[in-house]
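Take a look at the structure below.
All chains are identified by letter, namely A, B, C, D, E and F, in their written order; residue positions are counted from 1 within each chain.
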Amino acid sequence: MPTVRVTRRVHFSAAHRLHAEGLSAEENARLYGLCNSPNFHGHNYELDVTVEGEVEDTGYVLDLGELRDLVEAVVLNDLDHRNLNEDVAWLEGVIPSTENLVVRIWERLVEQIPRGRLVRLVLWETPRNYVEYSGD
Amino acid sequence: MPTVRVTRRVHFSAAHRLHAEGLSAEENARLYGLCNSPNFHGHNYELDVTVEGEVEDTGYVLDLGELRDLVEAVVLNDLDHRNLNEDVAWLEGVIPSTENLVVRIWERLVEQIPRGRLVRLVLWETPRNYVEYSGD
Amino acid sequence: MPTVRVTRRVHFSAAHRLHAEGLSAEENARLYGLCNSPNFHGHNYELDVTVEGEVEDTGYVLDLGELRDLVEAVVLNDLDHRNLNEDVAWLEGVIPSTENLVVRIWERLVEQIPRGRLVRLVLWETPRNYVEYSGD
Amino acid sequence: MPTVRVTRRVHFSAAHRLHAEGLSAEENARLYGLCNSPNFHGHNYELDVTVEGEVEDTGYVLDLGELRDLVEAVVLNDLDHRNLNEDVAWLEGVIPSTENLVVRIWERLVEQIPRGRLVRLVLWETPRNYVEYSGD
Amino acid sequence: MPTVRVTRRVHFSAAHRLHAEGLSAEENARLYGLCNSPNFHGHNYELDVTVEGEVEDTGYVLDLGELRDLVEAVVLNDLDHRNLNEDVAWLEGVIPSTENLVVRIWERLVEQIPRGRLVRLVLWETPRNYVEYSGD
Amino acid sequence: MPTVRVTRRVHFSAAHRLHAEGLSAEENARLYGLCNSPNFHGHNYELDVTVEGEVEDTGYVLDLGELRDLVEAVVLNDLDHRNLNEDVAWLEGVIPSTENLVVRIWERLVEQIPRGRLVRLVLWETPRNYVEYSGD
């Protein structure tokens, strides 16, 4: 059977602030610029979740509705309309950069994919900035 | 000379929370749902600024670069990477809904347009929600 | 209080065929071209629903979540993943062109808007074709 | 019969330069900035052509395929992959700003619309700049 | 000579229905949900066709206009404004899921690419769902 | 530390013409079609610059603002609002196809990335045509 990659795009809106605890206010400001703004800012994030696998007799690698429900249950319900610095247990102690966020989302999802295997996440922070992670 | 509408689209990223001071926690939660989340959430906003006027000999109604600089100076520098509830003097006491925000942006801009007249603002909060205001 | 227009964008996927009962096969083919293809074709439609009204103390003209639920209940549940020629009671006997469709959607919605008034529908059939209706 | 607005979006790619014959090199540079660059630059333009009219028994205001063919014949064939300063007879002597361009396109189209009436053109020069004209 | 990947994006609109012949009506409904709706639904599909090869003296890997003509001749002419379950000889007996569709399109194209080699197809069913295939 | 790919999307507008010096006018016209139009045409280009590396303690692979400044300094300042055939020293003698352009941009950037390594460029000439290069 042929091997195909299937992707579901989901979205969430969240606040965050980039700030390293071990650095001074001046170092944080120099390092993160406006992203260090003390009272948070926020984004409309878009997340592409890609699963690779053989096409089954159903014509599916896996049901993308099932994949969407999974991503909602283990990722979006915790992130959407939340503050990534303050509200999310599995981001505690993590600087919520897009890089760190995509890695933590991967860890939440990778063992739970019901069929096929997670091969790529793409996370858009703005229409001009995005990151990709494949578990390496 | 023909009358043309010219538009410059700009963007900013900000955090906000919808919360009415005079209402109880329960009323706020029922009224605003997830948008009342206590530690803020955020969006990538897109703003279309439209000026109408006669086309001058230059071929311009007004220089859109000049318009962009004006919008940056009187609107974006205050909003981008900020918290709309806490950081913006001209939003103090305002519930930062998209509706209230577009009206306050109008008030900041309407007297300052160097040529032609401001006729429409369109403010996108997400790719699925937007508001329009024409000063009425 | 200022008057603002607020818009919610929703989407649905449907099959349809353009065919006039009173015309011959040849006339239908000449009039509608590929859109007359006998076994139907289909589109991902996008619909912008715009309501105009005064901004209330809540900062809302109306709750866009409430508007989305209304549009789902009286429009999308009947259209999404359906055949516009065969499956929709309120399109019976209507040639399901984008023009006719937007007018019938207006009639379904106009009396039901809970606050403010419906002022515009924009219906996209493809990224290159769209129609607008304001009840005239 | 209800009155509906129907739109066809088309695109073309062209080179241009903004330069006023009566002004000095310094005045042109100050007025137009990079757009005065001597060897031209260029854009992917998008043009939305909107026709308003009553919906006929066919379900159409007018056939959008017919509208596209008309726009190709009287506008796009002259503009696509051309230099707006040098190659287009009906732009001779015109500073090819987006404002001037949308007015000249209107003049080319307004008398030729086979059914309904041309009510709006929207011309995008970039994803962040666009102009609208309604014949006023 | 450097090796570059070049892509042409094309689109088509089609109707389809997901239904497995060997399963009961109940099993089909549970498996495919709304996609099993009996009278079909439809989509605006976008297809990215990517060819990899060395850049020739012309500056091209291959002429993307030539590639577009090929894709029209062997794929789009059969699919656009058609019913994927009923109208397409090379989809007979195939459940027209996006996964199965992208594999069949690959088989139609892979031997016919005039220069370079087909390395990836991306097929969008909606703006939120897409599949990729590389011939594995 | 996990390895993540981070991308910054930038844009520029430029004029160009495809023309091979060693070929006759007829051969050039046949080979390049409208792209051989003598007085140039132009495009709004979008460029995605992707850097891969380990996520540092800051949460960054590299600061995308720093990456944007680098791309502006060594690529965009030379290309934006310019003629690719006439104005760019590092394109002299190069047929400015999208393929050749992406390779020359790679050469400008690859040694200058301050952290991580350049792994992919995607260059869009129109919303329907794009090329990718990874240094092979």
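Here is the rule we go by: a residue touches a chain if its C-beta (ideal position, glycine included) is under 8 Å from a C-beta of that chain, and two chains touch if they have at least 3 such contacts.
Note that the structure is a prediction, hence the values are computed from the model and not measured.
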{"item": "Other chains in touch with both subunit C and subunit D", "value": "B"}
{"item": "Centroid-based (C-alpha) most distant chain relative to subunit B", "value": "E"}
{"item": "Proportion of interface numbers common to subunit A and subunit E (over half same, under half different)", "value": "different"}
{"item": "Contact-richer chain pair (by C-beta pairs counted) among C-E and B-D", "value": "C-E"}
{"item": "Chain of greatest Cα-centre distance to subunit A", "value": "D"}
{"item": "Distance between the centres, which are taken as Cα means, of subunit C and subunit A, whole angstrom", "value": "34"}
{"item": "Whole-Å gap separating subunit A and subunit F, where each centre is the average of the chain's CA atoms", "value": "28"}
{"item": "Per-residue overlap in subunit E, given as positions that touch at least 2 other chains", "value": "127"}
{"item": "Inter-chain touch pairs (all)", "value": "A-B, A-E, A-F, B-C, B-D, C-D, C-E, D-F, E-F"}
{"item": "Subunit B partner contacts - residues on subunit C that touch it in the complex", "value": "2-10, 50, 55, 57-61, 63-65"}
{"item": "Complex contact set, residues of subunit F against subunit E", "value": "18, 20, 31, 33, 94-100, 102-103, 127-133, 136"}
{"item": "Contacting residues of subunit A [partner subunit B, same complex]", "value": "11, 13-16, 34-35, 37, 39-44, 80-83, 85-87, 126-127"}
